[in-house]
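Here come two complexes built around subunit A, the first alongside subunit B, the second alongside subunit C.
Let's turn to the complex of A and B:
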């Protein structure tokens, strides 16, 4: 139902998510993302190109990770968001508090040197 | 009975949206067809019309028949005495129970749909949201005559006169809570099918009324999104938003669009069906309990089988 693959990209970690992020899978996603943050990998990009559905439970998992990552000086940024998921993010106001990028590379590149320094200091 | 104990409690919430709320009939038809039981109905404004009928056990096809005729001319007749008194309020005094529309046609629809039924007559719990005109509070109506509660919940400010229920003067629930998800959460729903309606901005503002309407729509749209965001983020209940999309603005006089509105309601719930079925099956732990009509009856718990319009015996 949900596949999660973690790909280190320099000082950024890309989490490739495929499937449905919902009440049945959100705990798995949250666990995987929290594991990255706990391991000091707080600059996260979620590649959502393979996610066609997210529910309120999925939103809660993303929100918890964003708060966690930012508390540690990092961030969770979303890339390649599909139309259906974008609608839910818009409706819930998440697009006004999260950074979204059309491409994964752009999201990775958005973490500049300053982010890196700040993140390392916070850990 | 043990299965019942583990079944998720499903609520239908239909928010304010004028005639667009007829999309609830589309959702209702699909839930009925798929034998997905509903444990709780919550409505607001136009949504109150449909959730009340649903809770009373009306068949969705009957609701559709009513819908295709009952909106015609509902808001056409001006209440001239109110207009006159409003214009001359300095001399005649202002009556806060004023509305620009003659509501006798609406009273007839209330009578046809609900008669003297009360909340005690519903097959599943029903809650309707209205707004206290004097305090601004959201009021949760769950007792008394259903026709009065619905009439209060649909009292569009300025157009329909406020309605007195239980000593309080009430107006449209959309003024305080256009999508009362909170009631469903408070009543213990695990899965909330939340059908809400945004009003797109008007292309042209050519009158004082259109200006006032635009401002109100903007405020209600933001309130709707904030409500969804808040309850999605903070509560464990699964809130499934159903936002039928319309390719054109829909006014109260666009009754020719009713079949289209109902169809868009069907589409909105159809898109969520795969996930809804998975959720129900996972919570029950007994496989896909809900299924197309004729396939799922044996798997449904007896208490739920009696739940309102989704009961096969009511067809």
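Let's turn to the complex of A and C:
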């Protein structure tokens, strides 16, 4: 089971995800994230505080979204990652390409005013 | 030594479709919880079962679905998982190596499943099943209760 809630926070969109990201639920996560990017909301924060499990299926969704968002001048940043999910991200080499923040507010704040500039490439 | 669950005894579960994944993982979670397996080890076992099951159903069976039998054996020292199928022979060691280092725009997602299984489990073995099919055995050792 996976619950996905989208919360606009100024020029950033927080996607609150709760549940288990696995081979059955990852597609719905990917669909929800891609819908945001397609709608021009490319500055995304995934609040993962309610996600205790992810498999490689979840990693696929995150990788596809971060590529999509960055190519459109935005980014997908992760917040409040739980210990087991963090371990999967580490083991998969994802912590070297994704930005992680302890708190959702910090992740939202990391998108500074400069990020509003159209077409600016995220680091 | 903890023996494998003998055929016809002990907990086992049969599945055939990717849609069965929820039940498969529910079965694994319940078995680990019932046996008091620590959360970290239970997470590893759950992930290993998902990745192996998904690979068998999606790749080994490909277009012609078939049965996968899951056997779990839990004792005080380790969790042993066996997945037995009737699919054409495959070898997890032949999975593409994972891309862990490329920049984000070149990063390829592939081979991460088996990579995670090898990282999170203490032992992963593959052998041909008698007659036809594959047996994947994955072992997670538990922290010593005495320590």
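The working rule: the second predicted complex is superposed on the first by the 117 of 123 C-alpha atoms of A that agree within 3 Å, B and C clash if a C-alpha of one lies under 4 Å from a C-alpha of the other, contacts with A are read in each partner's own complex, and residues count from 1 in each chain.
The rule is short, and it goes like this: a residue touches a chain if its C-beta (ideal position, glycine included) is under 8 Å from a C-beta of that chain, and two chains touch if they have at least 3 such contacts.
Quick caveat, the model's predicted, so the values are computed rather than measured.
Peer 1: Based on the shared subunit A superposition, would you classify subunit B and subunit C as clashing or fitting together?
Peer 2: clash
Peer 1: First (subunit B), second (subunit C), both or neither: which does A:32 touch?
Peer 2: neither
Peer 1: Between subunit B (first) and subunit C (second), which, if any, makes contact with A:100: first, second, both or neither?
Peer 2: In the superposition, A:100 touches no partner, neither subunit B nor subunit C.
Peer 1: By residue count, is subunit A touched more by subunit B or by subunit C?
Peer 2: Touched residues of subunit A are more numerous for C.
Peer 1: I'd like to know which partner A:55 touches here: subunit B for first, subunit C for second, both or neither.
Peer 2: both
Peer 1: Just subunit B (first), just subunit C (second), both, or neither: which does A:4 touch?
Peer 2: A:4 sits against neither subunit B nor subunit C.
Peer 1: Identify the partner contact of A:70: answer first if only subunit B is touched, second if only subunit C is, both if each is, neither if none is.
Peer 2: So A:70 only meets subunit C here.
Peer 1: A:91 contacts which: subunit B (first), subunit C (second), both, neither?
Peer 2: In the superposed model, A:91 contacts both subunit B and subunit C.
Peer 1: Mind checking 24-32, 78-86 or 204-212? I need the stretch of subunit B that runs into subunit C in the superposition.
Peer 2: 24-32
Peer 1: Return the residues of subunit A at which the contacts from subunit B and from subunit C coincide.
Peer 2: In subunit A, residues 20, 22-24, 53, 55-57, 59-60, 63, 88, 91-93 are touched by subunit B and also by subunit C.
Peer 1: Could you list, by residue number, the parts of subunit A that touch subunit B in their complex?
Peer 2: The touching residues are 20, 22-24, 53, 55-57, 59-60, 63, 87-88, 91-94.
Peer 1: Taking the complex as given, what residues does subunit B use to touch subunit A?
Peer 2: Residue positions touching the partner: 225-226, 228-229, 231-233, 237-241, 243, 275, 278-279, 282.
Peer 1: Note which residues of subunit A are touching subunit C in the complex, please.
Peer 2: By the definition above, subunit A touches subunit C via 20, 22-24, 52-53, 55-57, 59-60, 63-64, 66-67, 70-71, 84, 88, 91-93, 96-98.
Peer 1: If you look only at subunit C, which of its residues touch subunit A in the complex?
Peer 2: 18-19, 21-22, 25, 39-40, 43, 46-47, 50-51, 54, 98-101, 103-105, 107, 109, 112-113, 115-116, 119-120
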